[in-house]
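Two complexes follow with chain A in common, the first pairing it with chain B and the second with chain C.
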Partner chain A sequence: MVRFLAGKGVQYALVLLFAVTLNFMLPRMMPGSPLVFLAGEDVGFLSEAQRTELLRSLGLDQPLWRQYVQYLGNLATGNLGYSFQKGRPISEIIVERLPWTLLLVGLALLAATLIGVVWGTLVAWRRGSAFDLGSLGISMFFESTPSFWLGMIFIAVFAARLRWFPIFGAQTPGVSLAGWAMVANTAWHLALPLATLTLITIPGNFLIMRYSMLTVLGEQYIATAKAKGLAERTVIYRHAMRNALLPMATVVMLNLGFIASGATVIETVFSYPGVGRLLYEAVLNRDYPVIQATFFILTVSVIAANVLADLLYPLIDPRVRHAR
Partner chain B sequence: MSTVTATAESAPVRVRPRRRRLGVVGVVGLALLILLVGSAIFAPWIAPYNPEESSGNPFAAPSRLHPLGTNDIGQDILSELIYGTRISLAIGFLAAIVAISIGTLIGTVAGYFGGWVDAVLMRAVDVVLVIPFLPLMILIAAYVGPSFWNIILVIGLLVWARPARVLRSQVLSLKSLDYIDAARALGAPASRILRLHVLPGVLSLSLAQFILAASNAILIEASLSFLGLGDPTAKSWGSILYYAQVRSAFLTGAWLWWVLPPGLLITLAVLGFAFTGFALEEVLNPRLRGMS
Partner chain C sequence: MRTVAILAMILIAVLATIPAAGLAQTGAVRIAIRRDEGSLNPYTYQSGYPGWNIMTLVYDPLFYPDANNEPIPWLVRDVKVSTDGRTWTLTLHPNVRWHDGRPLTSEDVKFTFEYVQKVTHSRWTPTTRNLDGIEAPNPQTVVFRLKAPDAGFRLRTLADVPILPKHIWESVTTVAAARAFNNTVGSGPFRVEEVRAGQFYRLSAYPQYFAGPVKVRELVLPIVRDATVSFTAVQAGEVDLSERPLNPELVAQFERQPGIKVVRGPGFASTLLQFNLEHPLLRDLRLRRAIANAVNTNLMVKLLTLGYAVVGSPGYIHPASPFYASGLKFEASKAKAVAILNEAGYRDRNNDGVRETPEGTPLRFTLLAQAENPLRIRGAELVRTWLKDIGIAIDVRVADDASVIDLVWPDFDVCKGRRFDLSMFGWSAPVMTRPTALVDLFHSSCQIGTINIGGYKNAQIDRLGEQLVVTVDSNRQKQIAAQMQKIVAEDLPVHVLYYQDVIMAYRAAAHDKWVFQKGQGVLTKLSFVDPPKR
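And now, the complex of A and B:
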């Protein structure tokens, strides 16, 4: 158990080190002055003295290893740099944006896992039926469809045509709501992006759950349970599904990077004010420090979710809990 | 010789007959691919207009002259889609070649040498698999700039991890076979064993992985282009959707002919590659046979 967590810890530390080092190296490796990337394209208009002063204030006149140490120190104290485009410290912007992404991704993850698990279980029980084949076809379609396109179609049909849902944003602008009215307004704005992200996340979960369930259903103890005359429902949910769930935990974790990627494009389509949308705005404005900070925050979020899942995993798998 | 072994082992071992056919799924996938590759190759003959010329009024609805209408600068959307097939498929294929070359190299070396080489390489694979790939690609693409070859490199350099893992396990099972032991016992150098005995054993599986990587690459390219990081001089299906989004085509009736078709084409291409890949994998990978 301790060794399992230690091994995982090393892996996440490596991921973090890779992300941070890449962020540090990219602006300094590119041809031309790193100032263009770190202080905005306006530096072309500065005088020589101003440029030297700016280089000094950003610490870019120091040797590379000292810059790296300083960079790590800044990150450790929550200093993500400064957005010259928006004229604000990046950590401030991220604090505003991150909750929206966590709301969207968290709910989508929850919904997609629940639906994928139940759907995969039921389909595996009726393997080879029309329901099974139809489900496989539908999941293959959503697995192969670009998420942003699905979002655009949803807006076109449910927002622009039918006017059931708003076209953009997370809340109606210019209206201050409180209590349940605010919750309802937020949920109304969240519905379409959430549906899109959930729909493209389900197939991965569904296919793995179905496969895992098929493997479990071939085991002897399922035959025993059936032979004992237990109700079908009991065999499916208490004997088969609980064991088939174990590989799902790993898959859900591996999917986190995929969901974070999906959220980036979906937030863009729906103008949803999360970190993914921030990344898109930064790309449009060539606001490199913000691009880097968003990448860093998304990586940290994925790692944090992985750590959480690793800590919870022993609760569902007694073999890990008791292993030494 | 074979009769001797057959009689020596009294209990007949039941061997599942090797599947040589692709099955319905594989045939459908292959048909889709042939259709798309065909229209990419013969684009100049199929497309009614040159997609880079404005051949009608801007924002025109479908008519006999323009079956799928025109875009914001009067270019024929059907012709754009047909020519876009070239860009989307080319990027998919080339990025997959980059990814599979790296994946095969790393998977083979890790599986064959084992030990600390394996440990280090597999750690690298895990790092690539955990990191949120699209933000990483956006970051790199924003720095190196949007161009045809840069996009191929960025996708190829980040999609190799999964094939590397699959190929490594194939090499691990190959390594335990007698003829590899025999070659090693005869004193053949590792480079010779890898080249003559291991590589031929994994090549067929690399082909299946190549096709799956291509389907992945097409989807990723569409996302990057949609975010405005595509090559502005070579419009893919994703770039067409980028312009449709920028011009708010999905808020008007134009979504039917400007937004729907490119997305369906992307889906069909991804499905075509995925179906072919799955079917090939099942034929080529002995351990998967009979499992689905």
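And now, the complex of A and C:
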């Protein structure tokens, strides 16, 4: 067991180092300099010395290997660095953005998983029925719908036309609210982005659950359970669904890894102040440290989710435990 | 099943109560802006537009551009320029106070210009290169001494650099510290009350503003990332103005809608077909002239902007600008294009539909376009179609802005050369309004023609340009500018396609005193406060 864990530890450490190196290299390989995004067109009017000074203030005048060593050193001490664009510590910016992303993506994952599981289960039970075929059609539709388009349609219909929900933002701008009014206002703003993200996340879960359920329903113990004369509900939920949930556990773990990276497209369409939009803006602005930091957090959370899955899987699937 | 029903009822009940909480009216004017602008002070705001415009609601420069982009005295009550144009004596308005109550004096002005010289700011540091010294003989008087007379001094320097409070900024001494500094005590008509990063800014009118009452009590500036969403928000009444110019296809719809007013005027941002004049084939004027003749800019304006644009003048300057050389026009003709090519010996020798030079090199070029700008992509496709008609092959290559810049204007330093054939390009409004624009755009020295991205060279332009930059008299400036435009129109270093109109939509109920600044739009200080009386 100890050897197993140590082996895994080394493996993850290597993955982390590789990912961190990639995080460092990728933004710098993109064409375009961060300078213009700091200076705009006027950068053309700066003298060579002034340009160098601006670059120095960002640490970009250093050779690449030195920037890399410094970056690793900073990471080791938990320092994510400063944003080129905003001049602020990145940890501070992320702390502002992360709660919004966790709220949006977390709730969407939860809702999409629950709905996907229940829906997939029910549909598999009635395989071949109109309900099954209709469900497959609907899920294929949402699976293939671009999220920005769905978001735009929701804005046009539910916000602009029907006025049920606000068009943008996480809270009504410029109004100070507290207590329940604040919670209500936040929920009201959350509704559309949450609905969009949930709708496009459901089909993946639904399809996996349906397929897994179909496999389980073919097993002999289900026939046995039916033959025993158990109620339909009991067969579905107790005998079939529980076992069909195993592949879902893996999917949920994988999804969990991406929770902190936010939903870039949806956060952008709805002007939601999450980590995904931060990343999008950082890429546009060539804000290297912010790109690095958001990818770093993503890397760490994906690895953490994998570790968690490795540790939890034996607990939920006895076969893995015995096989070892 | 019963549990589900109960849950659904609770959900509906909660949702029903929510809208009431959100619809509370604020009485503020709400302007959707596209991005974060730092803490809104001079070293943290991000974009030339709308960032500078919003920042100058909090801070005042000495002059400010009026609706015609003429700099008018703002913090300054009286101006005296010496006959050699090198000594400027300014008298400040008395009773100007910082938001913290301290008086604004000539010491602050002197401090500010010395500060931007020392702490590099890409927009202002270069404009102070010509400063020889600043003195503050008494609290109301500032004297600027210039190394040479400077055509752009009033607009580019005095009307652009916001005055900083010395007592607050003197302890901030490095670029890094200034870019992280979030103090916003200014002297402008608005105070920054709240900054919610990534979400919104809230500004309130400064009751003791020296120039008189501020016409709006409160400004709320939410960040709306997507342009279409920001227009939808205006339509639905969630904001009162979007700082972005309205898409042409939305104009008719917005004009019909009650409660919304649409204002329209010339736009000074340009859209160009940029030539690389160092390209072995494109350095040939006959070829450039043929290309320009094949491009139907009139049709382009109709197709791309639904007519909401002005066809380009071959001398670069917009016909609505005071510097425009009147009468300058480019009449395109496909027949002429074909004739020029034939005469120059560019013929299709192997019958592949593409002409070749007498040496056999095919007329095949790559045209770059910016992925973020759908109009330019469609424009590039039109150019390709029209040039194919006259036997010139164009490959349109679309890439993100930064990648295009990397080829056209590497490191934003024209001294570093260029690696492209043709590119869709454009300059923002300030490149049209400043008197020295033609020098920046076309002087052959990369130190002076700092945005001469095509590598254009003409000795006569250089001579006129050097004359223009030291000319202070505005009539003489216009004469020289007109001569320069005529030469540019002959040489065609760029082909100016069009200037898109600026169209803005706002909700009149919230605020109806918007002032349209020619070429730029309504987001100007003049929309919120009248110019100070002498």
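Criterion: the second predicted complex is superposed on the first by the 232 of 324 C-alpha atoms of A that agree within 3 Å, B and C clash if a C-alpha of one lies under 4 Å from a C-alpha of the other, contacts with A are read in each partner's own complex, and residues count from 1 in each chain.
We adopt the following convention: a contact is a pair of C-beta atoms (placed from the backbone, for glycine too) under 8 Å apart; a residue touches a chain by one contact, two chains touch by 3 or more.
Since we're looking at a predicted model, the values are computed, not measured.
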Chain B versus chain C as contact partner of A:160, first or second or both or neither: both
First (chain B), second (chain C), both or neither touched by A:200: neither
Which of chain B and chain C A:265 touches, first, second, both or neither: first
Contacts of A:236 with chain B and chain C, given as first, second, both or neither: neither
Touched partner set for A:279, first chain B, second chain C, both or neither: first
First (chain B), second (chain C), both or neither touched by A:30: both
Touched partner set for A:104, first chain B, second chain C, both or neither: neither
Which of chain B and chain C A:152 touches, first, second, both or neither: both
Where chain A meets both chain C and chain B, residue numbers: 30, 152, 155-156, 160, 167, 268-269, 286
Contacting residues of chain B [partner chain A, same complex]: 123, 126-127, 129-136, 138-140, 142-143, 215, 219, 222-223, 226-229, 238, 241, 244-245, 250-252, 255, 259-260, 262-263, 266-267, 270-271, 274, 292
Residues of chain C touching chain A in the complex: 14-15, 17-19, 21-22, 24, 26, 28, 30, 32, 35-36, 38, 44, 46-48, 120, 122-123, 125-127, 129, 174-176, 179-180, 194, 196-200, 202, 218, 220-226, 228-230, 232-233, 235-236, 238, 399-403, 405-406, 409, 411-414, 427-428, 430-431, 440, 450-451
Touching residues on chain A, where the partner in the complex is chain B: 11-12, 14-15, 18-19, 22-23, 26-27, 30, 37, 140-141, 143-150, 152-153, 155-156, 160, 167, 211, 254, 256-258, 260-262, 264-265, 268-269, 276, 279-280, 283-284, 286, 288, 291-292, 294-295, 298-299, 302-303, 306
In the complex with chain C, residue positions of chain A that touch it: 30-33, 35-36, 38-48, 50-51, 53-54, 57, 82, 85-88, 93, 96-97, 152, 155-156, 159-160, 163-164, 166-175, 177, 181, 184-185, 187-189, 191, 268-271, 273, 277-278, 281, 286
